[in-house]
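Next come two complexes, and both contain chain A; in the first it sits with chain B, in the second with chain C.
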Partner chain A sequence: MAVTEQQIRKIAGLARIDLEYGKTPQEAEAFMARLAGQMDAIVGYIDGISKADTAGVEPLFCPALHVAPPREDEAEKKRPTEDMLQNAPERKDTFFSVPPVL
Partner chain B sequence: MPLHTRTLLEAKAMLAQGETTPTALTAACLARIAATEPVLNACITVLEETAMQRAAQLEAQGNPNNLPLWGIPVTVKDLLCTKDAPTTCASAMLAGFMAPYDAFVVERLREAGAVIVAKTNLDEFAMGSGTESSAHGPTCNPWDAQRVPGGSSGGSAAGLAAGQAFGSLGSDTGGSIRQPAALCGCVGFKPTYGYVSRYGAVAYASSFDQIGPMARTVADCATLFGVIAGYDGRDATSAQLPAPDVAPALATKSLQGKTFGVVKELWEGGLSDEVAAACQSAVEAAKAQGAKVVEISLPHLQYAVATYYVLASAEASTNLARFDGVRYGLRAQGEHDLVGMYTASRSQGFGEEVKRRILLGTHVLSSGYYDAYFQKAAKVRRLLLQDFQAALGQCDALIAPVSPVTAWKKGEHVNDPLTLYKMDMLTLGLNLAGLPGVSLPAGLGAASGLPVGVQLMGRAFDDIALLGMANALEMALPRLGVPTGIPA
Partner chain C sequence: MPAYEAVIGLEVHAQLLTSSKLFCSCPVRFGDEPNENICEVCAGMPGALPRLNKKAVELAAKAGLALQCTVNPMSLFSRKNYFYPDLPAGFQTSQLTPPICEHGHLDVTVQDATRRIGITRIHLEDDAGKCVHGQGATLIDLNRAGTGLIEIVSEPDIRSAEEAAAYMRAIHAILVCIGATDGNMEEGSLRCDANVSIRPKGSTTLGTRTEIKNLNSFRNIQRAVEFEIRRQEGCLEDGESIVQETRLFDAVKQVTVSMRSKEDAHDYRYFPNPDLPPVLVLAEELQAWEAELPELPEARKLRFIQRLGLNEEEAAALTAERATADFFEQALALCSNAKRVAQLMAAEFLRECAQQNIAPAQAAFGAAHVAELATLIDEGIISARIAHDIFPELFASGAMPRAFVTEKGLVQVSDSSELEGVVAEVLAENPAEVEGYRGGKTKLLSFFVGQVMRKTKGKANPALVNSLLEESLGKH
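Showing the complex of A and B:
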């Protein structure tokens, strides 16, 4: 099925990506046209899986066929708070700081 | 013979006999990095100081406990967390990111006495086959600097071929260890899914990602595998197996009694003449080593590329949701609400190929498309696994080319992602099935003079037997010599 620029914008919004970010209107227009062509080709290609006969086949989401039992439920020493905050773009005391939510 | 041209096992033997020292080896690799980086751009971070300090410390301690990699300089792909060096994933999103812990495999390398000399370049977040989509700039192929080294572990492969280290760790999600190894003329091993812990590896597609060794010989790869494999409770998919004994792999010198399956779908269509010819010679070499060769079919392999790009992109879109500018990574400035900050940070931080895969993944997971794409692809994945299991019931290993062509020119396919995706057709079936595979040099292409790789694929958790077969095959294959595109 064809993928339109409008659909790509909707998907990008869901993924929290602004495809025109930092581009001039002319750059954005050219980029969106190119991207739509690429996505259309890719989606057209992956549509090919519809031809596979999968009647009665259980999906396989992970190839780890070995049994991986849960580890023992033991208390662990956590990493120091400072370690967890060392890469924070912004912080306040011992919290990650973000712009207003509402 | 310059130190940097030795194999890992030769360097190890020289250390054991006192013919060289950890500092001499480390200095030789750092000098080689300095000499070749202006051409290659294989390293994102070079650890001159910490590596020399570490080598001096190891030298002072000696090797009373017989550590398997004592004093051996290695590199690691820059998506493996290291607490003493940045981990960037070749993305502006993670510029300067300092992980608060080492990846499991990095812990293992350190415990084994290795010296990490550099963190190597890759396609951004390991998404690519040419190491062109790196925010650090592209890596070049040491055989011809106008060409790509393959990817995504292209920095590791190019660096090994150039003598920057004696071994490296890469990751293979759809061929990212085997294909750059093939294009640069070295050896790359993708272990069975679950044999090596992914703890501390930045995730791209979690049900595919597998860390593995790269080196200049099969025996060197096997030695590294013996160090990094084995159970780790911090990875929920880690198999409860001890670190394997690699001695049987190193001792295998014949293919008598072994049967190799030639997967006809992997030899049909799309192969360049020189790749087909070099890989056919490798099949003949296997026969000369005593292997019996039979033709095998994997009927669902025709769907592998499409299946992989549905599932891996879906997992990528989920995994990369964590990069939102809150806890680590790039945060765009000047945004006044939370969603605006998320969107601006992700738009600024991710490169084009990463965005494309997030879009594809979000699309196949979105309402109305989930059943047609994600669920359907997961069903095809099971059929493909069953194909591999049936094939490996009839033979000991499958043999096939790694890449349909030798290294292509930089920029040749950058605007045609679908063509690049299809380049992965020979490698990613194995990742869908979670099986082990090893790529080794088959020779130089008759037309291009560039390296061609051949791969062996084996049964789940039969990794040591697979490496043994590769070791025996390697003995019958031509040596490639020295790469021609870099300073000698």
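Showing the complex of A and C:
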């Protein structure tokens, strides 16, 4: 199944990525076609995997079963607020500040 | 005009009563300075590794057990992707398939009719932070971000606004009873979204539904759903079609309004969260949790009715919250007249609690006070009327009732020689009524009782007054 440019636009839109930013219409079109081709190759690869014969194979739900086991419910304040705010592009008092959404 | 029936499903979100967040050890605590309780995990920083809180799994499983669900031995976390500033990672960690619990039900009673509402699923997920919308900027506080929630999704089995509110009340009572949530709706610990559609009565197909978001009180649930049903009926009668959309309830205007959102806003692109292993619940764990479950509100209510002789209304009032039922049973340990204690609690104590906005356990007037007041009535030391009159003062001061009535001279007059004088006085002052009574208007007895009570400031023993009056009026 070929990935269409329309699908690329939709996915980019959902991910809030402007694929046309800084490009002429011709460049944007070429870029879109290239992305569609790359995505097509990835989806084709997954399609190939999904054709593998898995009869009698236990499903693997997570590649990292033993990573990050559950923890006890013990509260501990690990990070000073100031440290947490260090990466904030903007702040007001101890709030993160972002462009208005309302 | 065809008759319509409403088809309603609720999605209830309950904040889990844990000390730490769902995937990190940050404290779950509100009222702190903005961003005081955050770390790289709950602030959504790249590379941070989440670790699941065991207690959250236990509470979700217990909620499932209490709602007759199957608790899955294995469930998975997925990422639900969307953008909003209060969601720092760009996704919510939630469960799609399989969720921790599914296939449950809850029986809900409205106006003596009991109906079974299916519970589709219960899943674990993390909460978002909070936005403060200011001038020229939106300010973000992530203290709540990452707090553990369960979402309880019902089947579209609810048929009226009243039933929706009753369902929510029952869920609230159960979750608080088992200690899964504090149930504080004003602070958003329990909130729900309602999916509402209507269809002609008798039809089995579903109409187009709308979703009303973020209802945070029983009253708002009922009113929002009521309004939405009427609105949809109006649309159909005017020949318009219903638009599938998300709506918000405006509690001030009592209407739901459309939140026009982009068509693909609901394309969440769920995928399994690669950072989290499956949630495993062992059979032994589940058995232990089941054994730990307290008596549930409905069972307790039935016991109060069948074993203690309370009526439905009293039992319902006393079991709506676990703390109230516990309070009642503490009082019962000190005064065995269950009916009397229940009446005092339902008629006086709970009313005062509601008026003063105090939780029963926090009142200065405790279980020992209620028991003592009930005993005073039982012993004939005060009348129920006096108990009613002095209740607000007792409640506010926390004074012990026996000492209080003695000190205020409210002890009931049960001495017949003292009352005989008052009865004679009342009869002498009302010759016309006496004649009426003797002429057959026996209903006038209550008039005389009232007069005696007035003269004794309510302190006369009512049973004694009755018999004295009947005796005196019988004499010619």
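Throughout what follows, the second predicted complex is superposed on the first by the 86 of 102 C-alpha atoms of A that agree within 3 Å, B and C clash if a C-alpha of one lies under 4 Å from a C-alpha of the other, contacts with A are read in each partner's own complex, and residues count from 1 in each chain.
Everything that follows uses one rule, which is that a contact is a pair of C-beta atoms (placed from the backbone, for glycine too) under 8 Å apart; a residue touches a chain by one contact, two chains touch by 3 or more.
Predicted, not measured: the structure shown is a model, and the values here were computed from it.
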Margin query: Once the two complexes are aligned on chain A, which partner has more residues of chain A within touching range, chain B or chain C?
Written below: B
Next item on the list: Please indicate which partner A:K92 is in contact with in the superposed arrangement: first for chain B, second for chain C, both, or neither.
Entry: second
Check: Which partner does A:I8 contact after superposing on A: first (chain B), second (chain C), both, neither?
Finding: first
Margin query: Applying the document's definition of touch, where does A:P100 land relative to chain B and chain C: first, second, both, or neither?
Written below: both
Note to self: Looking at A:A75 after the superposition, I want to know if it touches chain B, chain C, both of them or none. Which is it: first, second, both, neither?
What the structure shows: second
Notebook entry, point to check: So, A:R16: does it touch chain B (first), chain C (second), both, or neither?
Noted result: both
Next item on the list: Could you say whether A:E58 touches chain B, chain C, both of them, or neither, answering first, second, both or neither?
Entry: first
Next item on the list: For chain A, give the residues common to its interface with chain B and its interface with chain C.
Entry: 14, 16, 61-69, 71, 79, 84, 87, 90, 96, 98-101
Margin query: Residue numbers of chain B touching chain A in their complex, please.
Written below: 97-98, 100-101, 193-194, 207, 233, 236-240, 300, 303, 305-307, 309-310, 317, 321, 324-331, 335-344, 346-348, 350, 355-356, 358-360, 362-364, 366, 372-373, 375-383, 385, 415-418, 421, 432-435, 460-461
Next item on the list: Spell out the residues on chain A that touch chain C in their complex, using ranges where they run on.
Entry: 10, 13-14, 16, 61-79, 81, 84-85, 87, 90, 92-102
Next item on the list: Name, in rising order, each residue of chain A that touches chain B in their complex.
Entry: 3, 7-8, 11-12, 14-19, 21-22, 34-35, 38-39, 41-43, 45-52, 54, 57-69, 71, 79, 83-84, 86-90, 96, 98-101
Note to self: Show me the residue ranges of chain C that touch chain A in the complex, using the header's touch definition.
What the structure shows: 18-20, 24-29, 33-40, 43, 45, 49-57, 74, 76, 81, 83-85, 131-134, 136-142, 264, 267, 269, 272, 274-279
